[in-house]
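Okay, got some structures for you below.
Two complexes, one shared chain (subunit A), two partners (subunit B, subunit C).
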Partner chain A sequence: MLDLYGTSLSNRLLLGTARYPSPAILADAVRASRTEIVTVSLRRETAGTSKSGTFFELIRTLGVRVLPNTAGCHTVSEAVLTAKMAREVFATDWIKLEVIGNHDTLQPDVFGLVEAARILSGEGFKVFPYMTDDLVVAERLLEAGCAVLMPWCAPIGSAMGPINLSALRSMRAHFPDVPLIVDAGIGRPSHAATVMELGFDAVLLNTAVAGAGDPVAMAAAFAGAIEAGRSAHHAGLLEPRDMAIPSTPVIGKAVFS
Partner chain B sequence: MKLTINGEDHQTEIAVLSDLLVWLDYEGDWLATAVNGELVHREDRLGFALNDRDRIEILSPMQGG
Partner chain C sequence: MRVLIKGAGVAGLTLAHELAARGVEVEVAETAAGPGGGASWFAGGMLAPWCEAESAPETVVTLGRGAAGWWDSALPGHVVRNGTLVVAPPRDTAELSRFATRTTGFKWLEADDIAALEPALAERFRKALFFRGEAHLDPRRAMASLNAKLTAMGVRFHFGADADHPRSGFDHVVDCTGASAIGRTPELRGVRGEMLVLETAEIALSRPVRLLHPRIPLYIVPRGDNRFTIGATMIESDDPGPISARSLMELLNAAYALHPAFGEARLVETGAGVRPAYPDNLPRWTRDRDIVRLNGFYRHGFLLAPSLAGALAAEINGAQLDNSETSPPRPYPAWANPDQPLQIRASR
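Up next, the complex of A and B:
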């Protein structure tokens, strides 16, 4: 079981809810993924549209937990206020904390991230920080009160997959007891399987499913890959080697010459 | 007085946050409100006094990654 801030979860995929072709496909993809946590956000409400509850009512019918984010926030004060407004709307103290530092890469501003994490942890939030794979930043976030870390494996929406495997390996080795969730950059099920094989606890993704030709089928594919990667990690993987080893035993083999 | 609501300027004499939401035809319970960068809880909107040049944010759930 995966334990996130005292909540036990049997599924290791966290799924974003943005960019699906339709609400019905979003709902079917959530079911096919077997996820127990979906990410949501907040936007400026347009007066008189009366649409504000429609999306969230759909999510509530799916029986999943929500993890609100602070997407689009570039300053500590924006992120802190957005987190407080999210807690008001979604009635959860969980927050996926994003403080964006660069428009092109959507790289987190890790200095602002640590500061916002400290403020929010002090106000009772359970912070899920979207971060780089930097070990020192990880240490600072843990000191700030985070009990879960969410390193990127590549820029958001890039679909590049894990571009720095040694950094991810290093993170896993340095923080063996901290739940680590790879958030952002996953493009294919094989990417998700790879980080799960490294021993990561879960994967958070959105675009790889929502942007697929068949998001529902892709959600199921990711679910399978994440389970496979997790099982493989526990089963004990072989390390690569330079030379061949015959898989068929040579002892007792007939000699004809 | 002038109020900036979700980034747009409005002229109104409505001086209470809950009344403003009704005037602007906001419906439903899925709203979070902030005035001048501070959260105003749902239960505090009734009777929350607004002043000239206040900046008001009204947010609601949306899809997110």
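Up next, the complex of A and C:
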């Protein structure tokens, strides 16, 4: 079981809700993935709606936990304000904290991130920080009150997959007891399986499913890959070596001549 | 037979046309002062089913491929059949390949072909997709002309009508009120769209151009008179308020990326409308007691309204010909709600 701020989860895929062809396909993808947490980004324009039949109503009917995020925020004050609005709209103290520092790569501004995490943790929020794979930033975020960390493995939406495996490995090794979720950069199920094999606790993705030709089938594919990676991690993986080892012993074999 | 249509947007007017053409007596009640004042007013007017297939199901292609022909025959002179050009900035050419894997009916263009097709874009893009079979029209002119044509055909319009326009004396009432029906139509939601109009004589385009960008996709539709409609955002909201600063900035940025001349253009209009949509983003008609609702056109009003209006008009008209209490069950097209098959009563 995965424990995130006291909530036990049996599924290790967190799914974003943006950019699906339609809400109906989103709903089917959520079911196919068996995810228990979906992320929803809040824009000012979407906050004031009240009529029934809205997108948020549809999200609520999915019966999964909502992790609102502060997508698109570039400053600490923006992120804090958005988090507070999200708490009102979704009635949850969970927040995926994004403070973007570079418009092109959407790389998090780790200085602003730590500051915003401190403010929000102080106000009772359960903060899920979207961060780089930097160990020092990880330390600071834990000091700031975070009990879950979400490092990227490549820029958001890039579909590049884990581009710095050694950084991810050392992060896992340094924080063996902190739930670590790879957020952003996953492009295909094999990427998800790879980071799960490294021992990461879960994967958060959006574009890889929403942008697939068949998002529902891709959601199921990711669910399978994440499970496989998790099982493989527990089963104990072989380390690669330089020379061949025959899988069938040759000594003692009968020789026909 | 007498039919009352509520709403004079693209859904209401195309249905009025299809019914009137079948000899049905039609009246249209609209709360606004003129036709096409809702989402239709802010539409791009692109008749682009093959491009839409990038994010829409095959149904949109099937039902939309006849749209240009319908508008051309209903309103001769309105439709421009010059195709659609899809481009991407050099660093986002992966978006172009992705678009190509999701769509059909295009051919790849190289720099020279692009220059030949749209001289203004020469040297700006190395690769493009050209959807030759697509077309566009000016939604506002089309709505005004359709209004005039229908009036000449004997359709009576009640503009500035009360929302509860009296419906006694009508055999059928069809609600085509689009986003106004959000809140009283199950599952109908709003998807906000923001647009703007730029005016510049420095650049000329002959066809809609779509600029692919992972975050801010954009279309530019030439309207003549040096005007260009630029849109459109897709925001899950039914807020009809003015365009936000961020959306304006992003749309202008993308337009500027398409061609620097748009940086010198005059911003002559901004607007925001609410698209009515069902969860699958496909339109349908449903029966709600004694009212038929035709709604959920999402961003495909001008593209899909002719097809649905024609099919619904045939149903309504057919019920009269059946002369039976309830029309016999018939195979319903995929886009009609299968859970609520339409049952027209030949009432008196």
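In this text, the second predicted complex is superposed on the first by the 247 of 257 C-alpha atoms of A that agree within 3 Å, B and C clash if a C-alpha of one lies under 4 Å from a C-alpha of the other, contacts with A are read in each partner's own complex, and residues count from 1 in each chain.
The rule is short, and it goes like this: contacts are C-beta pairs under 8 Å (C-beta built on N, C-alpha and C of every residue); 3 or more make two chains touch, one makes a residue touch a chain.
Everything quoted here is computed from the prediction, not taken from an experiment.
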Quick check on the superposed pair: does A:21 touch subunit B, subunit C, both, or neither? Answer first, second, both or neither.
second
Pick one for A:68: touches subunit B only (first), subunit C only (second), both, or neither.
first
Touch test for A:77: subunit B only (first), subunit C only (second), both, or neither?
first
Once chain A of both complexes is superposed, is A:55 in touch with subunit B (first), subunit C (second), both, or neither?
both
Touching A:213, do we find subunit B (first), subunit C (second), both, or neither?
second
Let me test your reading of the model: by the given contact rule, A:166 touches which partner, first (subunit B), second (subunit C), both or neither?
neither
Who contacts more of subunit A, subunit B or subunit C?
B
Residues of subunit A that lie at the interface with subunit B and also at the interface with subunit C:
43-45, 48, 52-53, 55-56, 157
Could you please specify the touching residues of subunit C with respect to subunit A in the complex?
55-57, 98, 101-102, 182-183, 185-190, 192, 214, 235-239, 241, 244, 277, 279-282
What does subunit B use to touch subunit A in their complex?
5-7, 24-34, 37-39, 41-42, 57-65
Where on subunit A is subunit C touching in the complex?
21-25, 27, 43-46, 48-49, 51-58, 157, 211, 213
Quick check on the complex: what are the subunit A residues that touch subunit B?
16-20, 26, 39-45, 47-48, 50, 52-53, 55-56, 59, 68-69, 71, 77, 81-82, 84-86, 88-90, 156-157, 206-207
